[in-house]
Each structure stands twice: as structure tokens, then as C-alpha cells.
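In what follows, subunit A forms one complex with subunit B and a second complex with subunit C.
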Partner chain A sequence: MLTLFERETLNLATLNDEQTAIRVEQLNLAFDKKSVLSEISMRIPANRIVALIGQSGCGKSTLISCFNRMNDFYPQCRYEGKIIIDGRNINHRNENVAQLRARVGMVFQKPNPFPMSIFDNICYGLRLQGVTQRRQLDEAVEQALKDAALWNEVKDRLFDPASVLSGGQQQRLVIARALALKPEILLLDEPTSALDPLTTLHIEELMAQLKKRCTIVIVTHNMQQAARVSDYTAFLHQGRLIEYSDSDTLFTTPRKKQTEDYITGRYG
Partner chain B sequence: MQQVAFNTHISGKFNTELENLRNSVLTMGGAVEQQLIDTIKAIRYNMPGLAEKVMLNDAAINSMEMQIDQECLRIIAKRHPTASDLRLVMTISKTITDIERMGDEIERISRLVTKQQLPSSETVKSSMLLICEQVAQMMRGTFDAFARQDEQSALEVYEQDDLIDNEYNKLLSYIVGEIEKNTESMRDWLEILWALRSIERVGDRCKNICEYVVGLARGEDARHSTLENMVKRLKNFS
Partner chain C sequence: MDKRWFYPWRNAAQRQTLVISLCAFFTAGLLLGLVGIILLIFARGGGYFWPEDIYEFGLPIDNKPEVRVFGEFQGSQGLASLGDKSARYWLVYSHSNPPYKRRALVAAHRVQNADIARHAARVLLHDGRTFLAKPVFLNKHDERGRVLDKLPAYQQQVQRLTDQIETIRDIHLGPLHRKISTLTLKDSQTNSGELLAGKRAFERWQSKVIQLEATRGQYTLTLEFADTNTITVPLNQLKQLVYPGQLNQVEKLWLTLGNIWQFLSQPPQQANTAGGIFPALFGTVLMVFLMTLIVTPFGVLAAVYLSEYAPRNAVTTAIRVAVANMAGVPSIVYGVFGLGFFIYGIGGQLDEWLFGDSLPAPTLGTPGLFWASLTMALLTLPVVIVATEEGLRNVPAEIKAGSYALGATKAETMWHTVLPMASPGIMTGVILAIARAAGEVAPLMLVGAVKFAPNLPVDSEFPFLHLERQFMHLGVLIYDGAFHSQTQTSGASMMFAACLLLLLVVFILNIIAVVLRNKLRKRYQKET
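Showing the complex of A and B:
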């Protein structure tokens, strides 16, 4: 029989290490004594977009923050279990967290450009890594801004303060800042919730381009966005991973009733 | 209403998905058209082997319908299409049902050859082939109008159904006359009548698709319309 539509058939349960960007094993996390994540085990496939969805407080932002140890900023946070990136458990106490965060970039809900020029924003991480040659920095800035689809809009005003950019431009600047460090993984925590629908579509299209060179994990409250942009979707509820599968399946024929209730707006 | 290009979304992937969806309908349509061409050949040269092949191929057309239906479902669930995109997906969902039924009708016509129940009268056979050729031409025009989203062409194809209906009614009257003359021949004629009915139904299915094309282009439901009304609508819009 003729196959009219080609479908990717990665089986999440049998991904090998080469196909895996992040492997989470029995992750438990608590703030003080309140459990936030319980027994999370999953493999995030490399060069794909994975969406985390669920109600507020279900632990999706906490989970994404585990992937570059942002939760370390909260002294009351305790976690156990393994998160393996590139064969190393990043939860190990000897992990070099600064290097980890260069490899695993993060973009937040609200654009947070530094109070400096567009150029210096992009160079910030590179300079921290010891890159000082002007030519090298120029090239990196141009490439990062092109990758973030912002170059044409700002190439003539690179030394203007970043604060003059619009919300959508600022968010792309922040993505460019993360991309300048050539991350293997990009974490996006509700990156478009403060943006208008058209700018949102531009950022989503940007994500589709970026996944060719890095793995993207996105947290979103917007189920339509998760459906549109992601290859795989994980549904979390009260800190537990309820269902994790390719987005085509999850949004057309979810296996668990809890997922069905949530995505069809019947929950709670 | 202005015609909308389906490849101008910000999301390149969505453009590709809609393009693939449209192309898949044309692939399915092409397959059914080939089925009809083979059936005509099988009738003309009395080739039971070819008719058998047509009957077997129907499973492939059924499979295409299911695949395209699944893709429509997936696009609705994942892309939440609106306005012209939504109309396109819904139109495709209806169109493939008609195409699949065309396949079933053609399979039924082929059965006449495999069961060796072709009319012995050369006059009837020629008339039957003439109707089949007219339907094949109508089918080509239908898929062409669909591919180009051209409501004017769709309307021209729509008109051809009257010719087919005329030929069909003439042949029907002739056969009824033959049955009246010799009632013992009724069983043989009945099989031929069913096949003729199937050919005529293929024309009706083409007409349905033409209505969808007009509806899609104009953004309003053109089903169950008379030809005069459809022409009037087109004039009002252009």
C-alpha cells in the first residue's frame, strides 16, 4: 500500500543513548518538605522539540529548571535521582554548573535583556568564557542574531541599548544570547506568553529551525502551542509524569484518561 | 471572497502539511481515475484479468482514504486551522469520501467483466463505453479544478453531468424496452443496469466535488444547489 504521509517513528521507550539528549532517572524533588516532582523518568530525544504541559503548580517549570540546575538557587530545594546529559549525571555535586549552563541555555517567560547594548548582550556569555578578540565577537554576534531571526532588524543599531527593542525582539535577543554559546539544549519556559500572536508564530517558526542544531524543551500553558510546535509532549500532574508520547498521538488519541480530560478542558 | 494561498503561513511546516494534504487528494484522485481507465479498457477488450486487478486495487484506495482522514484529524488537533485553512481541511475530508465511493462504484462496474456479464448487444456496449468515457473526462476535469481551486472550471465540469444523465436515461429506456420484449432476459439486464447506475453515480460524485471546490473558493456552502443558482452566485461574486 502506498504511504501518503511519512511519520517519524522514534519509540521513546527504546531510545538509545545516542538518540537521547537528556535522560531523567527516578527524579524526586522537594522544596522544604513539600514534594514537587515524584519519580520522573523520561528520555528527551536529541534535536527534537519536547513540550511539557500541565496545570499551574504541576512541576513543569521545576522540571525544566532541573536540566541546568537552576533550582540550586533555592537553598530549600532538595533533589535525588539522575539527569544524564552527554553521559554525565549533572546532579552530581562535582558538576561544573557554569559550564553546564553554557551548554544548556535557558529563556524565560519575560524577556530579560541585560541593561547594556544589543551587541554586549550577545557577547556577555562569550566574554565570561574568555573570548575577547573583537573579530571573533563580531562574527558570533552576527551569527547568533541571524540564527534568532533578528539580524535584519538590528544590524544597523547593534550598539543601541537592548531596552529600546520591542517585546518580541527582546525575546529573540535573549534567544540569540543563549545561542551565541552554541548550546546543545535550549530550555524555554513559556517563551511567548507575553507576546502577541504573530510574534509568537515567528518565535515558534524560529524553534522549528533551531531544532536542527539543538534540542529544545519548552514549558507552555498554551496547549495549542504545545500541539503546534512540539514533536513530543509530556503531561505532568501533581509532580508526576502522567503521559509522554509523540505529540500526534497525545493530541489525537491520548492513552490516559487524565490526559484526555486535561487536553479537552474537562479537568478539575 | 478573495482566494487565499495556502502556502503563506509563518509556519513553514504548516505550509508543507497543507500542501502534502492537497497533493495526497490528487494522488488518490489519480489512482481512482486510473481505475476507471483500466475498467474502460477491460470492458472494451473484455479483459477479466485487468478487471480483477481493478477490484484488488480498491483496497489501496480505501487505505488512502483512511490515511488522509487521519492526517486531517491530526492537522485539526495540532494546528487548529481557522477560516480558509479549516474550510480546506473539511473540504478534503468530504472530498475523499466521495473519491472512495467512486472507487467502490468502479469496482462494481469491473465485476461485470470478471463475471462475464457484459452486454451481448454491441449497441449497448458502445453506449455504456461512451458514458464511461464521459465520466472519465468529467473526473479529470474535477481533479483539475480541485488542484487549481478553480471554481469556473468546476462549474463547467458540473454542467457535464447533465450530458451523462441524458445518455444514461436513453440507455435505461432502451434496456427497459428490451426487458419488456423478453422478460426472461431480465436477470442479465439487471446486472448491466446496476453497473450503469454505478457509472452514473461516479458522475454525481464528481459533481459533489465540484460543489466543494466552488464552496471552498467562495467561502459558502454550494451543496444541493441548482446549476442556475451556482452560476448566479459566481456572477454575483466576480
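Showing the complex of A and C:
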């Protein structure tokens, strides 16, 4: 019953600002002359899981990176349009990008723990925010590891180097590291494509838990995964948003031919 | 005509084998040469401390066909083996006129007739002079010809006299001297009585010292050379007296260790051809240490700027190429630059601003430890920059992205993640810099290293570390001593010992850095 309630679908077209975590308006993005994203407009509902699907190279990672402006590191990247989070256009040139990234966490395909202890990995973001008190850090670390369903496995070896953990544990550590900052939005770029099925299941369960705390945008190549975990799914093709609706609809009765072709595996 | 004779390597496999054999051959040759040099330095440098047996010889000296001398072997000329009839041997010997050591090449037949002189001793004086001679008797006051057994007792008495003299100097003469000079500076009229009393007391103590010194001077040791001429030395001059022929191997080893310690802990004597090398060792290590302190932050900052902040354009590329090429600039050019720019330029300007009163005598605009360290830092800067850039490049992009994604600014990412992960690379650069700086001599002679410095750059006087002082350096000491050793006899071996020490210093500094680097590597290398 509870899951049913949580999956209560909102009408994406009539989403008000209160219910919106990210509002994208007329986003265009190009690397040098090559257009990568064209006229993307979408609303990402708060406290829901939104999946981005599409062929390799269609611009999923680029789009998700727009939400915390990780594309800024490519000097050849140019973009226009608005992305509104918390009522502010984060594409504005006066936006404090470091603060934005503290509020919008991101996890990458390959687990990338820092070469430090498990404890220090989790404290990394907090210390940057100026938290130095040991008690506060201890509590935050425990909470973050519990949120990421890793606490029981590592509580006895918090000060071992993070590299001793397995791939799945490392990925959960990286998620815990992001969660320690209590982000409003969590961006996951193919978080399970480097992991085995069982570990993948672990992380999917974790996402369902995290929904209460934050909005999740996940990029995935795995159609079953998208259907399983996400509330809404957006299908991208060659930099355009082709179809965006609740996952049940999109996977059972897609409106566009391209979407149908993709989810039935006719190309991609 | 059959060309097989000219081309024995007819097919590709044979040619390849030949090329590989040639490479192996030359590599082996090079390695052998290297090992040979190191062995030579070890043998000659290490032998310097070993008490060699003393032999009695007949040598043609000063137009006389044969004069008896005491001497010791320093090895053969070239690589002749011992049985070789035509071989010639280096011999260090002592002869009564002048009584110092000399060096000569002697033919093999003399060596074969030589006997170990068990009663001959190596006599080392406090001023660094050494004799090879036979101690014959001790003298005290008018009693001449006391037996040698009394030597320890006599030395004790001499020591007691020396202690007395030192005590009088410290307790009485020093304070009196200070008192008299302050009184003289003040109005001499009012204190004339006190002044006179002071002067009287001073004279009284001084005559006492003179009397004690005269007594001490009467304790002497008479030494006899192989040609039966004798020499008499005051006992308080005697530093060490060893009979190598009467020692067993363990005693010799013990003595060798003592000699090594003396070598490491004492200042040089006799124009860098005798005594120890402590100030030079200290100066070398201190200079390298300061250089490391200067070059590491600057090199790392420059590398971080070049690889992370500088715009990626032609100018940056040009700078990078220039930096790489700076490593190839001859070191003497750096020396001239240091002298011209740092010392005369910056130092001179500072003198004008801060010490205008004492000009034209320079205060800072003169060669010294700091300028030398700065010049060497400049010399080794390219090495550190190149190695650090390499280390920065090796930090995975995902790690950086992970840091940025947690809200870190570029500077924070640098400081907390990238630099620690690049630290093994940085250490590699520092190792190379240390290896280069510790062995460099030419530029140092222009910017602060001298063959003799009266004071160490570190002492108990405020501010304890005297960066403006000139300092001694192992390389300069070797250079200087080697020059003297062409004319004097004992220098050459000491130079080998100093070379050995320089090698060891470079080696130890390297080992420390390598161990540190491996620690860092273990810590920051991700297992993948």
C-alpha cells in the first residue's frame, strides 16, 4: 500500500513550483559548434525518481551535468536557457557554483572514492562546509552511512582506506559521501553499470529509501531498472527530449514511435 | 665471390642477435666502469682510515743512493698485480728533512726487500701533521731519556697542567680582561686605583700561566727517523700515537672506526689536506636542506599554475618547453646569474636600502649560505616543476570530478585531493633536485661556498642560523684539497675519503626521499 501511495503520479504538465525540484526552460547546449542538447524544457518533480534513457551519446550525461554545472570544466562548452532550482536560475553567471554542487550531489558511473579513510571520505564535503567538530562529524558519518545502507558493513573499520571496499561498497560509500551534505537533489549517472546484479539490487533499494529525503535523477541504460525504480522517465534522442511521462505510461503505452522503437530494442 | 665472410649476419634474426649482443656488451662495459670507479673510491677512501703497516725502506733521496725511511703502501700504480716484477708502488714515507710525509713511486724490488717496522709509529699532532717514526724516549725537565712506559703517566701530568692553564684563563684572566677594558673606557682618573690593582692581578695570573706553559713544554717525546736523525715534539702537541705493526685486526678496526669518527666530527687542517671535514659536511647538508625548503613550494606552485590554471595556448606551451630546457643549462651559468642577480642585484639593492651607513662594505650583497641555496633552488626548479606536472597529470579525472561534485572549489580540490595524490610525483622531483644539488660545485664557488670558513653557519649566537655567512662544502673541499694534493703528499687519500663521503651523503639523502616517496605512493595509489 505504501509504495502505491508513494508512486502516486502527478500530472507533469500541471506541476506547480512547489512540487518542482528542477525546472528546465529552453536549454540549448553545444560543444564548440556541435549541438548536443536542443530546446530541452522539463520539470522534475520533487521527491521523485526521474530516469533519463536514450542511446549512448544522446546527451544524457551532459543534461544531468547541467543540473550542477559540471559542464563548466569544458571551456568549449556553451549553453543558454534557464535551469531553475529553488526559484533561482543556476545558469546565471553570478551563481555560486561550489555551493550549488554542495546542494546537488552527483554520483558517477565508476566508483571514485578518494584515497583516504572511509571516515575522511564522508567528511570531505562537510569539512569543506566548515564543519570541524569531531562529534558533529561522527554523527554525520554514521547517519550518512546508515542512509546509504553501508553502516553495518563498515562500522568497525571506519579508518581503513576506502580502497579496501568492494566495488558495490565503494559506490554506496560515494553515495553516502554525497548524502552527508544533505542534498536536495541527487544526480546518478549510470550508478550501477559497473556493478554486479546483486549489488545493483542493493543500490536500487537504496534509491527507493532515499526518495523521502531528496529528488533523484538517474541516467541508466537498463530499461528494466528504469521501469523498476523510477516514477518518471524521460527519453532523449539526439539531444532532444522526445517523450517524458510517468514510467508506467512510457513503458507500456509510449506515444512516440522513436520511444517505442527504443524501449522494444529496435535500435540503440 | 662469396660474401658470407663479410656478412656473417645474413638474416634478420642474426642481425637482431648481433645488435642485442652489442647493446648488452656496451651496457656491461659501462656498468663495469661505474662499479670500478665506485670500488676505487671505496678502496682508496676507506683505506684512508685503516692503519696500514709501516715498513722500513731504502730510497734514493737528495742525490744520495740510499736513505732509510719509514713508509707505508698506498697501492700499486695502475692496475699492476702484486707479483709483477716491473710494477711500481705508491709509497708514503717520512724522512727527517723535512720531517713531514711525502709520496713517491717505488719499484717492485724495493718492496720485496722491505720489512715491517714493528717499533715505528704513526704520530699525529694536533695541528694535523703526521710523522712515521720510532718513538725512542720521553723527557721531562732535565731528565732525558725516560723509558716509553711512562707515556700515559706523562700525558696525564700534561693534561693536568693544561687543565690548570684553562681554568686560570676562564676564571681569572677572562673576567679581569673584561673589567680592565670597561674601566679604561670609563673615566680612568677616578678609578685609577682599581684599574692599577686589576692590571697587577692580570699580570700576576699571566706570569703564572707562562710559568705553567713552560713547565708543560718540558714534557717532550723524542722520535727517531729511519735514518737515525731525531726530532723532539712537546707532549701537549701529541694527538695520537699508533704502532700499526703491533696491532691485531680487531684493534685496527677499532682504530679505523675512531678515525672515521674524527674525520666526520673535526674541522680540516693543513689547507684541507688533513684533519676532518665536519664543517664541509655540515655546510653541504644544510645548503641542500635550505634549497629543498625553497625549491619545493616554488616548484609545486609553478607546476600547479602551469598545468591547472594557465590557459592552454601557445604561450603556456612555450613556457613549458623553456622550463624543460632550463634543466640543461650549464650549472656555472646559474652561478653567474646568482652572483649577478641575487648577490649584486638584490643583495646590493637591499644593502642600499637597509644598511646604507656601512656602504661600500656589503652586508647582504656578498656571497653567503642563503644566496647559495637560492641559486641551487633556481638550478633545480625545472626538475621539480617537470616531475610535479607529471604527478598532477596522473591524478584521475574522476577523483577531481568527485571533489568538485561535493562543492569543492578548484583551490580546495587542489589542496585536499590533487596535491596529496601528486605527492609521490613531487617527491620524485625533490629527489632529483637533491641529487643534483648535493653534487654541484661550480656555481657554489661563485655564490657562497669557500674552502675555509672560520665559523659554522649555525651556532649559539643569535639568530642561531646565519644565512649570510659563507660556508664550507664537500665538493669545494675536494676541489681545493685535490689541488693541494698535487704538491703535498697526504691530501690525495683524504680527497678520496671526502669523495666517498659525498657519495654517501647523496646516497643517504636519496634513500630518505625514496622511502618517503614509497610511503606516499602506498597511501595514495588506488588499487584498481
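Please note the rule applied: the second predicted complex is superposed on the first by the 259 of 268 C-alpha atoms of A that agree within 3 Å, B and C clash if a C-alpha of one lies under 4 Å from a C-alpha of the other, contacts with A are read in each partner's own complex, and residues count from 1 in each chain.
Everything below uses one rule, namely that a residue touches a chain if its C-beta (ideal position, glycine included) is under 8 Å from a C-beta of that chain, and two chains touch if they have at least 3 such contacts.
Because the structure is a prediction, the values reported are computed rather than measured.
**Q** Per the contact definition in the header, classify A:157: touching subunit B only (first), subunit C only (second), both, or neither.
**A** After superposition on chain A, A:157 lies in contact with neither partner.
**Q** Counting only touches as set out at the top, which of subunit B and subunit C does A:248 meet: first, second, both, neither?
**A** Touch status of A:248: first partner only.
**Q** With the two complexes superposed on chain A, say which partner A:257 touches: subunit B (first), subunit C (second), both, or neither.
**A** Neither partner.
**Q** So, does A:208 touch the first partner subunit B, the second partner subunit C, both, or neither?
**A** first
**Q** Residues of subunit A touched by subunit B versus by subunit C: which partner has the larger set?
**A** Greater contact footprint in residues on subunit A: C.
**Q** Is A:227 touching the first partner subunit B, the second partner subunit C, both, or neither of them?
**A** After superposition on chain A, A:227 lies in contact with subunit B alone.
**Q** Identify the residues of subunit A that lie in both the subunit B contact region and the subunit C contact region.
**A** Correct list for subunit A: none, the interfaces share no residue.
**Q** Could you please specify the touching residues of subunit A with respect to subunit C in the complex?
**A** Per the stated touch rule, the residues are 68, 70, 73, 98-103, 105-108, 110, 112-115, 124-125, 128-129, 161, 163, 174, 177-178, 181.
**Q** Which of the residues in subunit C come into contact with subunit A in the complex?
**A** 396, 398-399, 401-409, 412, 416-417, 420-421, 523-527
**Q** Okay, in this complex, where on subunit B does subunit A touch?
**A** Residues of subunit B touching subunit A: 9-14, 20, 24, 27-28, 31, 59-60, 63-64, 67-68, 70-71, 73-74, 77-80.
**Q** Could you list, by residue number, the parts of subunit A that touch subunit B in their complex?
**A** Residues 1-5, 198, 201-202, 204-205, 208, 224, 227-228, 247-248, 251-252.
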